[in-house]
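In what follows, subunit A forms one complex with subunit B and a second complex with subunit C.
Showing the complex of A and B:
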């Protein structure tokens, strides 16, 4: 039984992954405050560790091409343990949506509308997301190509605009921090933006790609997103230097610095619009996945009735996540990565090992 | 049909949402005072500061009746004393009918007295407050900040905008004067570096007053300890790689030369020698001759040889003058300590504590290679001997 019959093509899937990761470019402060000028090294290592995660996910995808995560859990681990696993994933999806929503709210509050109550911004934002989610996976992922292209162009353009302010000396000294800091930084970046692609396991049945090509497209999309993230980190370090640790949104502060001679300055609102668009994409995708997972676990025929309810839960949840930005940063750099590692690495790995041990597979080639 | 209507309603509601979001905290142009310059002076009480805001007057709705409004009345000055910057702004807000809008602030001016007391504790608000931007210029006033901000400029209606344009055009020759808030913050965060901030002096000559950039203030930690005059600023700029095309005037025993040096390639490396750390500077550049006076009866080749030698010596002298001066003050204005930290992080850990003792003893080895590439429109000067005269 499939709840959503929408189909997405290979290239759409690829750009969806890319766009999903690009949307995290606001959240670089978590590891920037830990590894400072070496953050770019950390993000490159994190990118390759993300590839290991990707290998697990694609192995699951290949094994069960017409099942999503909840169905895989039920099939592999049995109805009881499988349901427990699925509930944990639902908690993860909901928390992730709420966290991203809150980040978006904080960002809009800081950058564009400081006195508008956050609830107004979030409610309106979720309203549009809910509209997209109700229309199904095809609508949610339709604009991924456009968003990815715009974001990539912006990243490249800002490199040229910021050229005057780039100081390569800001990267020195390399490797002068305690080893444990690099481990921590790598851990943060590999779990916070990169590992989050675990959500794509929920839409496996909707992807119209031959099984043996799925890994190729997943990795391509991941690479586009990852490389843009690394470029952003490089740019921010080169422009801001040692001041980078002070800011909550380093990349936005970099964009605020940019100007073309005296005339064309203060363009950051344009960039803010692009960032919000990317966040819209990410949140609506996470929202869709949470709704789908919940309706799947209760074996509903349609997920559409849940959309508004889950959306409300996410909005309210996001207000209760943390009290202040400082607490958020503290959690983001020290606690959340460990929590996320369970959902992004441990649970999929257990599922994969059990599936291999029990020789379960839903694809014809696997049998 | 019904479904169709519903969709139209939905679109209308959504459109209204888009328009109304900005209405929540709207500021109309006639309800805000746009701050263009912010000045901080020392107050009588040690804890407090004297804050000066320069607010741009928003003129009448038409651009036609500009005649009566002279340049002196295009901005107004607000002044108050309080403990913090934002609390002072709040205090000022109660005195004006409009709300104070800081987004378009162009310059931050510190009074010299305040810089002598230290500026670090007042930097926090500039980094923290959302309305402040990291690209704002920072200046030190030779007198008080209020004096600078209340001096009108002839060519600009608003003197803060004039100041920022002045720095911008000044940085075409050398960029040492362009100190932005981010540069200052970054240098304050470096442990061994002494930040520099350009000094602005207001001159009052026979009724007309004007401002000019008169040098660089040197800060040790966050306190004023001395300044570089314009000649030393040039010596400072040579090795900071801030020069683009810089004029250099030299008096030799044969005559006077005005040359400019461009196409500068600079290598500025900290090194460890047999007797401790030293700085090695490798300077390459092209000399363009702008004016020659004297050199009578000498041929071109000889002139060039003298000229080249004189240029090299002059350059070395300027660089060393400035460096020795900074050593006397024991202020690492170049950030050499940071440079050591970047190249030799392990060794610097040990040196850091003693940096104040190392810096005055630091050696500098300068290699200067200059080439005369451009002589302007002419090859010879009027009174110089032509090269192969007798063959003709």
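Showing the complex of A and C:
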């Protein structure tokens, strides 16, 4: 049974994936604080490791083109274990939306409106997101093309504007850190921005793409997002160099340093614009996915009445996640990648292996 | 605290009438329990009571019991 009958086309799906990854690429501090000037190497390796995750997700999508994650779990693992898996995923989706909301609130509170209480900003933000989510998947993904284009344009433009500030010596020394640091950096970047695309398994029935083309569009969108992330990392290192570890928002500081012949200063407003737009997109998508998963697990006919209730829970949960920003940074770069690996790699892999072993597939009956 | 009660009253007036008129008892139950949960969380937040975070709990479990996690 399908709850949302909205359909999204192939290119829209592609730009949704791209926009989703670009949104997390603005908060690169987690792995930059670990690998410093070698972060660009780490992000390229992480990009290819993200491809392995993508292979698992698209294999599941191809096997069950008309089922979403909760239904796949029920079908493959049976009603009891499937429900446990689905509950873990719901926890993951809720936590992810709350974490992103917290990042957004921290940024606005720190950089733009320091005197406004954070709860006011977050509640108003969630109100807009709830509006989008109530309208369904088509509305949530409709502006992905516009947002991706704006963000890519700003990223490319700032790359040229920053040209005067770039110092290639900032990349040296290369490979001068202990090996474990590179492993840790790769682990962080492959789980925190890239592996989060597991949420797209929830909207498989809404995608109108022939089964054998899903992988192509998924990888294309992933590549757009990944390449803009690598560009951002390269730009930030080239401009800031070794002091990059001092900042929570490296891109913000990079743009702050740019000047065009004394007339165009204060470029960081561009960063604020794309951060808030992309965050709006990512949070409303995650919010939609959590609401959909909750209504699916209780087998309801409509998800619309759950939207506001879940929204209030996410807002309050985002205040409750970590006790301070320092704890957030420390846990985020040391332990969270391991936790995310459970939801992004282990659970989908178990599902795929069990589905293969039981020879379950829904691709013949539906299409 | 009065704001919390006001906001939740508004939310219930928007969401619940259609559900009560319709005959889906299960949906009403789920929506009501989620709203109640949200109300309890918001009231605790408004009263200034800190709840333990499930995320920190799981991560402490991973770090201390399973010995996962990178050292600084």
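Methods note: the second predicted complex is superposed on the first by the 364 of 367 C-alpha atoms of A that agree within 3 Å, B and C clash if a C-alpha of one lies under 4 Å from a C-alpha of the other, contacts with A are read in each partner's own complex, and residues count from 1 in each chain.
Just so we're on the same page, a contact is a pair of C-beta atoms (placed from the backbone, for glycine too) under 8 Å apart; a residue touches a chain by one contact, two chains touch by 3 or more.
Everything numeric in this text was worked out from a predicted model, so none of it was measured.
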Requested in this report: Mind working out whether A:95 is in touch with subunit B, subunit C, both or neither, as first, second, both or neither?
Outcome: second
Partner touching more residues of subunit A, subunit B vs subunit C, is chain C
Touched partner set for A:59, first subunit B, second subunit C, both or neither = neither
Which of the two partners, first being subunit B and second being subunit C, lies in contact with A:110: first, second, both, or neither? first
| Of the two partner chains, subunit B (first) and subunit C (second), which one does A:172 touch, if any: first, second, both, or neither? | first
Tell me which partner A:145 touches in the superposition: subunit B (first), subunit C (second), both or neither.
neither
Per the touch rule, the subunit B residues reaching subunit A in their complex are 14, 17, 21-22, 24-25, 127, 130, 133-135, 165, 168, 182, 185-186, 189-190, 341-343, 345-346
Residue positions on subunit A within touch of subunit B in the complex are 110, 113-117, 120-121, 124, 127-128, 169, 172-173, 176, 240-243, 246, 253, 256-257, 259, 262, 265
Listed in rising order, subunit C residues that touch subunit A in their complex are 8, 11, 14-15, 18-19, 24, 26-27, 30-31, 34-35, 37-39, 41-42, 45, 50-51, 53-56, 58-59, 62-63, 68-72
Within the complex, subunit C is touched by subunit A residues 91, 95, 180, 184, 294-295, 298-302, 305-306, 308-310, 312-313, 316-317, 319-323, 327, 330-331, 333-336, 338-339
